[in-house]
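Next come two complexes, and both contain subunit A; in the first it sits with subunit B, in the second with subunit C.
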Partner chain A sequence: MPTDLTTTIPAPSPTTTHVLPSPFTYSQPAPVLLTQGAEALVYKTHFLDPSTPAILKFRPSKAYRHPTLDARLTKQRVLAEARVLVKLGGVGAEGDGLCEVNVPGVLGLEWDVGRKVKGAEGAVRVRRTQGQEQGPSQRRGQSVEERVKEEEGGQKGAWILMEFVEGRSVKESLRGVDAYVKRRGEATSQEETARMNEEVKSLMRRIGRAVGAMHSRGGVVHGDLTSSNVMVRPRAGKGLNGHAEQRHEEESSSISCPDLKGEIVLIDFGLATQSIQDEDRAVDLYVLERAFGSTHPRQEDWFDAEVLQHQDGYRGSFKGANVVLKRLEEVRMRGRKRSMIG
Partner chain B sequence: MEFSLASVAKSDLRESAAKGFDVPLLVAVEGIMIEEFHLSHLPPELAVYVACYTDVKNAPYLRQQLLAGNQTFNYAFIDASTILSRRHLLTACFRACNDYIHDRLKSNNVQSEVVFCLSSNNNIGDAFRRFGISDESKDIIVVKVGDSAGGDGSQTYNKGSIESHLNEAVEGTGIDFSDSWLKGVCNLDKVRKNYKIAKPQPVKGAKTVNGDSDEALNRRSEVEVQVLGLMALRGAT
Partner chain C sequence: MTKPLIALGLEGSANKLGVGIIRHPPHPISSFKPRPPAEILSNIRHTYNAPPGEGFLPKDTAQHHRQHVASLVQQSLAEANLTSSDIDVICYTKGPGMGAPLQSVAIAARTLSLMWNKPMVGVNHCIGHIEMGREITGATNPVVLYVSGGNTQVIAYSNQRYRIFGETLDIAVGNCLDRFARTLCIPNDPAPGYNIEQLAKKGNILLDLPYAVKGMDCSFSGILAKCDEYAAQMAKGTLTDPNTGEKITPEDLCFTLQETVFSMLVEITERAMAHVGSNQVLIVGGVGCNERVQEMMGSMAGERGGSVYATDERFCIDNGIMIAHAGLLAYSIGQTTDLVDCTCTQRFRTDDVWIGWRND
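Take a look at the complex of A and B:
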């Protein structure tokens, strides 16, 4: 059956180097690549309708691994991440509402793009689809053979669709503060400096508290805590257009100080594990400490006092925090690996 | 072409009805609550039709048609008291459609897959008991997933024909598929039970009446986020 593919399906734009898996291959508007790691590609896209922003995290399969092993690893990792997100999403604010963990919710999930109904592979599937007179594929002007071929040659891997988090990362925010201070130079009054420092410290305490809540209430260890994996979401700006515009104006004037108020949202649980061990928690804090120190040298000296030791920071966030902080001292002495193996 | 989650304007429908479109004028005006969706990322020709009815009197009859496998009743009948919001239902539709186009339905057809996708466990019968229509259902949502070009192989249809068929079959009052209506008919405790979500502890030193509604709203969206996550994780091992 000769069919003209080009008239029915637009070619993926040449700027995207990676082809997204179905059903995102021909999404309109096309997902925009935000960032890329060793295992996953992160796109900004939308969910259900174009006005609801969402994050698509796609883990392509790795060609250098044995296919069976690859499918298993990809699946395990994507599911671990999704489970942690769902678990933490259920913790929420409790009682006083002070100790809250915010994470993006999971909207959709696919752990194996090439997954099929049991036993129906390749040629079997062709027969199956031919049996059903009007499969959805034929409506797209594709023959069954072409479709099967496309699927088999197409992108394999796994994806998660997540809620989009408004606002910006702690890293961007603190860099913004630094830039602001630098630009103002001598013009900054002492009062203003004090006020700004207090705001930064307050932000750092809230980070400590959020990490504490994740450790205690969620029973989760993040595994990759850095200032770019902690977001500050403006409280009123939960998907409100008005707020986005306002922020845009702020940026264009470019002299104003970034707003550090808002709730802390933890993101990127790709390396997270479920653990309640003091050792794991201490290592989590150690990783954050080292990452924070090298990313924000100006604020490094406040880290211990505000994020960790402050009563409104990690120490005050749950009962076992004291023990974890004690353990952290040990970890600092020896580094993050306890055993010499691996 | 419409790629968006846009409902087709109601005035259009009245117009087409007035022009002598294949449905009688009376039915079309009465049944203006059917809504057509084209969910993002899915092939544009795949449409989701949603119609809602309140004060339904013949729920046992409708359920009987489903049990008997009546092919003209190729819809998903959902008990509205188990649905939190539009997003809740449409997310289930999204997964059902996605599994459909990838040829991996677990249940009989796309319509039943919509009900199954609402569930957080892998038991199809259980999903129908929890989310499907029951003899006592008063508020129901009817979903049909299909090809907007008309026909799913076994029969041909369009928005008008679905509408007239439903208006004939369902003894109830049509109503818009809106979040405000769902908020009124949804039973939050039932939703929590269906997804095994623990009830939150009552806040110590209860807040003022002023902040109360805000609090309730927050809880609702919190539950929704959890529900969507649990739905997405279904089938993962």
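Take a look at the complex of A and C:
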């Protein structure tokens, strides 16, 4: 009997197919849709040559929003996202490498695909599209002019092209752990349970630390922290010695429990802002806490102790963390209709 | 249960006093077939309206409820063609809501229970909305947007609870609309939100307002403050469209307010849908009968390959039948509230309620 919302309803397949804006409209191989987020369609594509994978985040205009509001929000958000990613990308790891901020790098962006670019109107665009891809136009049996018309007509939205991040999201990983525990059932030995719990806790502490580093050294609040927006990227030999690597492989082959080791990469900065206010940081943590609790009821009870309070988690990640955590208590109390006990 | 069950529901958490009678046809617990649809035997409501420019005060609202509850119960029984002996259980709103109105209705419920010697069930108002919405629309497992004068929440079901994914960080969206109606001195009859909606249909200039979405939460107080500021400028005649220089009208302000706050609501709902992987949306609560928010939500759900479920004012706006329905669901799995526990509470979280009657 499925007990969880996401297992009862399969992820919806989008029925409306979006025509990607130039220059991705005819890129070969065609971009593959990975997810339809709330704001954007996320595609896997490549950058410059097919062996360099990249993520294309296309924000189509929202039909439900007033065009003025839509244009304002789309532009604001895509620019803010790029600025924040560039800022965080320059922060890197601190001395010991424990407190690192990993985010995908920005490869390019456009905030209004329908906008007339000075000096790149009509003919220039034709030449540009012709030069980039030969073939597709014949394949589609369209004249170049028709294509340009199609590309420019009615297309609205923005896109940002980013570095591809290997690995899985924390949501998938924890779901994987839950599924694994469920499948093994009683067969799981006590030591194994303890070891797995410890691994989950360690992952949670690293999440707290990564968020802390983003807040302190990045000066950024994410605005939409959820377990789907935190990735676990397997360390490809980076900073690990051969022995550790080997053990790592053995483990993952003997059991099909998801691998929770690896570095934390924060993604989806669509709602991020640059701020160093304790209030904003506390709300950021509150959003994560709430999203985490509602997505991972089994790990909810560890959240406070591991992600927030642990010395290897948020609390230990920077000097001002104590103040933020204090503020978080106030933010929690502000939640409406909280039951008042005591 | 092998015999039909009939419940009387009393609702009075805000300015509406509602009485409803519902019948659930027999449905053995062992049966795996879906429960047959409930029958609505009566659903009546009496609304307390404050004069234009004012909100309803708890004291006056409670007095209104005390004054009308007895006659409404009688009228409801007459409409259903039942006597008190046909009722199996009395359900009332335990919370959340305004203290004084809640108390007056809880007292009415306790009195009926003692008079007729019937068990009672205290119901969470939000759960009432959700369960009634599911019953009427047939949505099986939707993301729920609950928007009213006192609540703004995005809810999804998981593990026997309705979990709150996002909510307002300050005032409710309906409160924001109601208070702006007060600023413009728009009548409160039939509802301030309804009158704003009608004005907004005639507006077409969109002014800049703050857009406060934080993850799946949102905030409306800053928007209200900015709107009030615009309204003051408009009254002085100094407010013009920055692009054309045209004078801004109250219609434009209502239009601006609606477009902005509803965009925020649709956005947080969409984010919750993407997060839980669902493509059904159910809109409940008083603001949910606004056609513009339904239209926007429909457009968003359509793009995600899903659909939106909404009800009309009979079930969207606070009513007794939803309390009867949710209470009867709890009663059917053996839950009742003892007389000593039949209190009410202004703060009662949606996710505090254990949803024992759902088996998914």
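In the analysis below, the second predicted complex is superposed on the first by the 245 of 342 C-alpha atoms of A that agree within 3 Å, B and C clash if a C-alpha of one lies under 4 Å from a C-alpha of the other, contacts with A are read in each partner's own complex, and residues count from 1 in each chain.
FYI, a residue touches a chain if its C-beta (ideal position, glycine included) is under 8 Å from a C-beta of that chain, and two chains touch if they have at least 3 such contacts.
Fair warning: this is a prediction, and the values are worked out from it, not measured in the lab.
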First (subunit B), second (subunit C), both or neither touched by A:225:
second
Applying the document's definition of touch, where does A:334 land relative to subunit B and subunit C: first, second, both, or neither?
second
Would you check which partner chain A:47 touches, where first means subunit B only, second means subunit C only, and both and neither mean what they say?
first
Which of subunit B and subunit C A:211 touches, first, second, both or neither
neither
Partner chain(s) touched by A:271 [first = subunit B, second = subunit C, both, neither]
second
Quick check on the superposed pair: does A:287 touch subunit B, subunit C, both, or neither? Answer first, second, both or neither.
second
Just subunit B (first), just subunit C (second), both, or neither: which does A:63 touch?
second
Per the touch rule, the subunit B residues reaching subunit A in their complex are 3-6, 39-43, 45-46, 87, 90-91, 94-95, 98, 100-105, 147, 149, 151-153, 197-198, 200-201, 203-204, 222, 225-226, 228-230, 232-233, 236
Sites on subunit A touched by subunit B in the complex
22-24, 27-28, 45-51, 79, 82-83, 85-86, 89-90, 92, 94-97, 105-111, 115-117, 120, 125, 128-129, 132-137, 139-140, 161, 163
Subunit C touches which residues of subunit A in the complex?
1-6, 8-16, 35-39, 62-66, 68-69, 72-73, 223-226, 228, 271, 283, 287, 290-291, 293-295, 297, 334-340
Which residues, counting only subunit C, touch subunit A once they are in their complex?
96, 141, 151, 156-159, 163-165, 167-169, 206, 208, 211, 213-217, 259-260, 263, 266-267, 270-271, 273-279, 295-297, 299-300, 302-306, 345, 347-350, 352, 359-360
